[in-house]
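Next come two complexes built around subunit A: one with subunit B, the other with subunit C.
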Partner chain A sequence: MIKKWISSAVVAATSILGTTFAQAEKEGGTLVMIVQPEPPSLASFVSTSGPIGLMAPKIYEGLLDYDKDLKAVPALAKSWDVSEDGKTVTFNLNKGVKWHDGEPFTSADVQFSIMNVLSKVHPRGPNSFKEVTSIDTPDDHTAVFNLANPAPYMMRALSAYESPMVPKHLLEGQDIKSSDIANKPVGTGPFKFVEWKKGQYIRLDKNEDYWKEGLPYLDRIVGRFIPDASTRTAAMENGEVHYGAYGAIPNVDVVRLRELDSIGVTTDGYAMINPVSLIEFNTTVEPFNNPAIRKAISLTLDRQFLIDNIWFGYGKPATSALSSSYSATGLYAEGMPNYPGRPNVEAANKLLDEAGFKPDADGVRAKATLDLIPYGEDWRRTGEYMKQALGDVGIELDLRYEDVPSWLKRVYADYDFGMNVNYFYQLPDPVLGVHRHYSSDQIRQGTHFVNSSRYKNPKLDGLMADASKEPDAKKRSAAYKEIQEILADDMPVVNLHEMKFLTVFNSKLKGHELSGLGAYGSFERTWFDE
Partner chain B sequence: MRNFWKLFKRNRSAVAGLVILLFIIVMAATAHLFFPEDPFRLVGRSMSAPGTNGFLLGSDSLGRDVASGIAHGAKTSLLIGLLATIVAVGFGTIMGGLAGYYGGIIDDLLMRITEMFQTIPSFVFAILLVAIMKPSIESIVIAIAVVSWPAVARLVRGEFLSLKNREFVQACHTLGMSDIRIMLGEILPNCLSPIIVIGSLMVATAILIESGLAFLGLGDPNIMSWGFQVGAGRTLLRSAWWIVTFPGLAILITVLAINLVGEGLNDALNPRLRERQ
Partner chain C sequence: MSHASKRLRYVLKRLLQAFPIVLAIVVVNFFLLHMAEGDAVDVLAGEAGSATPEYMAELRKKFGLDQPLPVQLLVYLKNVFTFDLGYSFRHEMPVLDLVLDRFIPTLLLMISTIILAVGVGIVLGLLAASGLNTWRDTMISVFALVTYATPLFWVGLMFIVIFSLNLGWFPTSGMKNVAAFNDPWSWANIKDVAHHLVLPTITLSLFYLALYTRLMRASMLEQAGMDYVTTARAKGLTERRIMFVHVLRNALLPVVTMAGVQVGALIGGSVIVESVFAWPGLGMLAFEALFARDLNLLLGIFLLSALLVVAVNLIVDIIYSSLDPRIEVG
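Here is the complex of A and B:
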């Protein structure tokens, strides 16, 4: 029995290690990473908040993991099988996996995690698992998902970050949202939670009984909270911290730090997140109820200027409602109208003239207030640029920059806005990240980051509903081409640029980039070369 | 008046301050002549060093002219400084005057309110007020006035207290003059000098508070100001020093000039200091 477990673990481990086993990994060492801001809890099964995502996937595991090309690789499930009709998915679980408190991990935990936790209290879980009607557990190491309709996107939402497996024996019968393990997590992952010093750090130690033999390499991970950006940069520069992701080090400092031999910079590790900056329009009020002005705005803006001057060259102009990173799955469509390579002021003026937005004596065609996502200076600069650029075509903007709660309330609860600069995670599948923007059933007053444009298009709703159930890749990409054409023509949302977050790391740190989840990965194969 | 000027010009540094201040006022008034474009306008290559690409003082991260920003920002700084001071002095004088003149329960009540405001750290309070009201010119003026008036009220109350028992005031009472007339016509003119002095110094403080707020991102996003320029450029200090340095110098020089003028006014208007050399 034990022998069998070891062999299967070795097989699993080596299959994941793939190309990197040639390097000689060294054991030991303490990794200090920047966690910013301090997370509200470590309950990754309740919240998708960024800082939780940095720590929790080291403690919890998912059924699957994803490699750099976003291909599913085994994690808690050593193999899986999707039935011909796409409505039954069987996961074979690894044997000998134990929770950090010593209890065995079984298929009952999977059933409980999906049905009682993730589909109930997770922000995106109800959407990811909406087709799951039940989960059968024929034995301790087999979990069978029964689906009402095929759900190809679900297979991309099973990572430790997106859908962590949680211990049934500690959560059952409790109020999931306020249970003890929110702050004292118990998982199956490579690192165990040890200590949380409020305002300072979270400490995780190596799980000596980890089911993957020989892993993890690191002895300890410390997540430090450093509120001030220049202090973070200094800490990275002098080697006090080894790893900072999701813009922990501002781009302007990265430009300087990347010249140092001791510091490495990468934009890898964000493909799962897929962030895109954009403008949301309130399509129910003047003047933005007219698609012409929305299209004119898209035609006027110089996306490359924003990338060069505000993001220091990190980013890619948006060319469609879907990010070009979906070209890997064949869903991205090229050559959409109204997304010009260079700004086309002439076409924008023509469009506005034809739509009846005539300039008055001061050359003003329309007035509006532009709300800006209050996440820092970069967004203010974006607003200042837009005010100038759109002023040139006669759209006069007033800028408004509020605190986070007022802004969220204004845009997502009161709908008291005209246009709003924001960014959305498109996630690895449009069903998970993009539909929420455009689908009319996602007009959910009070819920953040959904369809605040209140855009309603029955044809588009139908196309999206079909596309989410379509198991055939070719038909699916055809459906998304049509969806993107409709959106490029109607523009309830104008995408600005595909954001490139930066991960800055100490060059002694190796193996942190192996997972498609980047900083939200498990770090089980991360090690220090010194 | 001639007498006042004679007393004022005895203080050389005050005259220097006045010259600088006049220059800044002229700069603010003529900004639109020398820099007809909107100061937010992206007019050239971003982050050009001073003297290159046609920028006298360089350009910022979006290619805006730093010199144009300073000229137009002068208008904002002076305007906010003056407006906030007028509101604060006006309100403070009323509160202090009433408290000092009537005394008793009115004095107690008004002074306890004043003290309540004085116990709150003024800059933190200003940040709070602007954050609640959403940043705009009006909210900034109100916030600065709200944190500045208590000092005026205390000063005016003291002056009123000492003047109300003087013979000329008592004579007014016997003549049957109304309270309002005595306060406005008799006592107030006699305590104008210290009010002018505290008011002039308050303009400098108001400019500093406005710059501080704008630096923290709480300025009116639609209006160019020096604090905004410093705040927007501070992350670039190591790669483009000129974006923060010139507006920072402008703030320094203006505040210094106003303080020198205030000091000169104090020397000239304060009878106890008239003989000071």
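Here is the complex of A and C:
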């Protein structure tokens, strides 16, 4: 009897040990990931373009990183402290960190990165660091941020992707936007830049002197450019590439690939980005200067139909101006009007009748042109659905699908549009991702992805300004509830759905999902189980 | 005057004539490209997600886009005369480096395709014409018709499905195994590139193959009815000798003309194949440059293509005179 116990204990022990061994990370291997399209440069401190975000955070590091629950975890800063009044933030930096060229990383680099680079030339940096008045460097391993007002959102914008720390000794005195390291980056991260073969690949090799002991596991990361979506799918199926994120493999193919044992699919890793599809209205022209028609459109559209039929079930209907993923920080408010669970054509017709949009002999109440973001077939199909659905309530649409530069110029420089389907990253805080859409100081002609609706509401402006400085979580939630109520009632922008991007990966690849940034993470703990 | 010096004079004359043609091409391209809405700054800023108006104005100034159009043209022409094709602000690299880097893969694909398409096309056309209206002729004609009518991208994808996914004989895409990092001149690397070249070459050849087959067949049949063939037959020459020595040589002329014209088309026509097989050629570069409004780069590619077409046409004319001594250069 006892013998039996012992043997079963041994069996249990071996199986436990066995699993731990099976889970032990193995070193070596080359990860080939899809990077599409080919990035314009690798200067993540100047551009937040998606393909740059895939490669640069493996090379550069941020002060902080974020885990899967978006909780801040140490990166270049090993600890940090926010003062009582929220106006002083002290970062204690790790010691022994070196740039890839061998120079030591110090607090002077932090000061330079934030004050001279990110808050000057980064597209979102001036907003993220707008309250930072100065940075003190009492010693090489301490950086003290002095703020004019509390900036709770700033603490969510310190990742390698959003705010990379760059080498002062290579950038100082240079024109930052055209410096040599734009194409040949030098960072502190787990991988070093080796080679960029235009039209083919970018190669990064393991940083043998990485300051985190024993990391990274991979020998090499290669980012490959494959223009054709079907070929990308075939290369993934064939095992030639191991990782593709941000829709590199189209949803229509994922539905087939996810059945294979050799391939895994996840929607994790996009919470920091928080993408939401939406319609921007030009609130200065007929008929969209009337909120009734904007609300009627929101009431008519069947968001679940869009998700099921165009996005293959990946997504969630939008229910407010803020994405429901803000519920983790308590900023999302439930039960907003004009965001129905099911389409309500009756209510839409009633609204239009009351607002004086009378149907003519053909049942047409209003005519407009719908512009579509030229990022692929899915958007074109979204437009086709909307044309049909809105036709049912007498809004006749013409669809317009141009190339990217023409479309950007039309919507953000010429304001020559009526309604425009688009998607925005809401980012981990509304101050970073949502305010730019509605605030009247974000009516910036010629600047992309800001308030193209030209919506002006002084009350909303005030609420948003207060909310961005509010350190108290409860008061901040209350402020955002009011903001969402105003926006649900006025609807300068109608949100369509919370997008779920897909990451497709080879099942042998492990540990790529550990960061809250997903594909924009460092991949230092990524490894091959083979 | 000797034959050789006559030919040299001819080449020089043709080169002089090419000069105004290329210049006109550059000027026309310049204005055509500037008619497109939006510019490189719009695209760069758009991809970045957001940018301040000051930043965009600064970029335009840096790229020289704030200058009036005629000034931009003059600056460009002046640079071209000093073999400076300008700077691609999108790639942060000189245009010349970019274009030359992508020229070798294009040339590889182009030459292998032309050899395969013209070679096999001539053989098939010959076989079809020599067995006129037999099952052989019908089979070849149907094959030519089908390959000519099938869209290239579909053929490419089907090849990937069959030969890469199902049979595993060839890689799906790219120019070499990116995880291998062979030395560029090593035997392993040459084999690797050749391995990657097979599917794109066959795909691109199929379309042109059909064209050459049909052209060769028609040309052979036309020549077969000529008086000199009757004369040759009357002299008592064998059918084989008539076919291969007399008819073939004459029948090749239209095929060579066609091949010359199509070298230009091949640069552009390979966009689809380059895209499907992720082949890093000029076609893809031009395609991306267009959508990024990278006009310097586009103009550079156009200039190179124009030069290539001019050169190939000259070579074709010289081949003419070797094929048919009655055609004189000069």
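The rule is simple: the second predicted complex is superposed on the first by the 507 of 530 C-alpha atoms of A that agree within 3 Å, B and C clash if a C-alpha of one lies under 4 Å from a C-alpha of the other, contacts with A are read in each partner's own complex, and residues count from 1 in each chain.
Convention: a residue touches a chain if its C-beta (ideal position, glycine included) is under 8 Å from a C-beta of that chain, and two chains touch if they have at least 3 such contacts.
From a predicted model like this one, the values you see are computed outputs, not experimental measurements.
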Subunit B and subunit C placed together on subunit A: clash or fit? fit
_Quick one: is A:350 in contact with subunit B, with subunit C, with both, or with neither? Answer first, second, both or neither._
neither
Which of subunit B and subunit C A:408 touches, first, second, both or neither:
second
Comparing subunit B and subunit C in the superposed model, the one touching more of subunit A is C
Report task. For A:383, select first, second, both or neither according to whether it touches subunit B, subunit C, the two together, or no partner. Result -> first
Margin query: On the A-aligned overlay, A:95 touches which partner chain: subunit B = first, subunit C = second, or both, or neither?
Written below: neither
| Touched partner set for A:169, first subunit B, second subunit C, both or neither | neither
Once superposed, subunit B sits from subunit C at a minimum Cα distance (Å) of 6
Check: subunit A residues flagged as touching subunit B and also subunit C 402-403, 406
Note: in the complex, subunit C contacts subunit A through residues 36-39, 42-53, 55-56, 59, 62, 90-93, 98, 101-102, 105, 153, 157, 160-161, 164-165, 168, 171-176, 178-179, 181, 274-278, 280-281, 284-285, 288, 291-293
Given the complex, residues on subunit A that touch subunit C span 30, 32, 37-38, 40-41, 46-50, 121, 123-124, 126, 177-178, 182-183, 197-201, 203, 220, 222, 224-228, 230-231, 234-235, 237-238, 240, 402-406, 408-410, 412-413, 425, 436, 444-450
Subunit B residues touching subunit A in their complex are 38, 40-42, 46, 61-63, 131, 134-135, 217, 221-222, 231-232, 235-236, 238-239
Subunit A contacts subunit B in the complex at 229, 250, 252-253, 255-256, 308-310, 372, 377, 380-381, 383-385, 387-388, 391, 398-403, 406
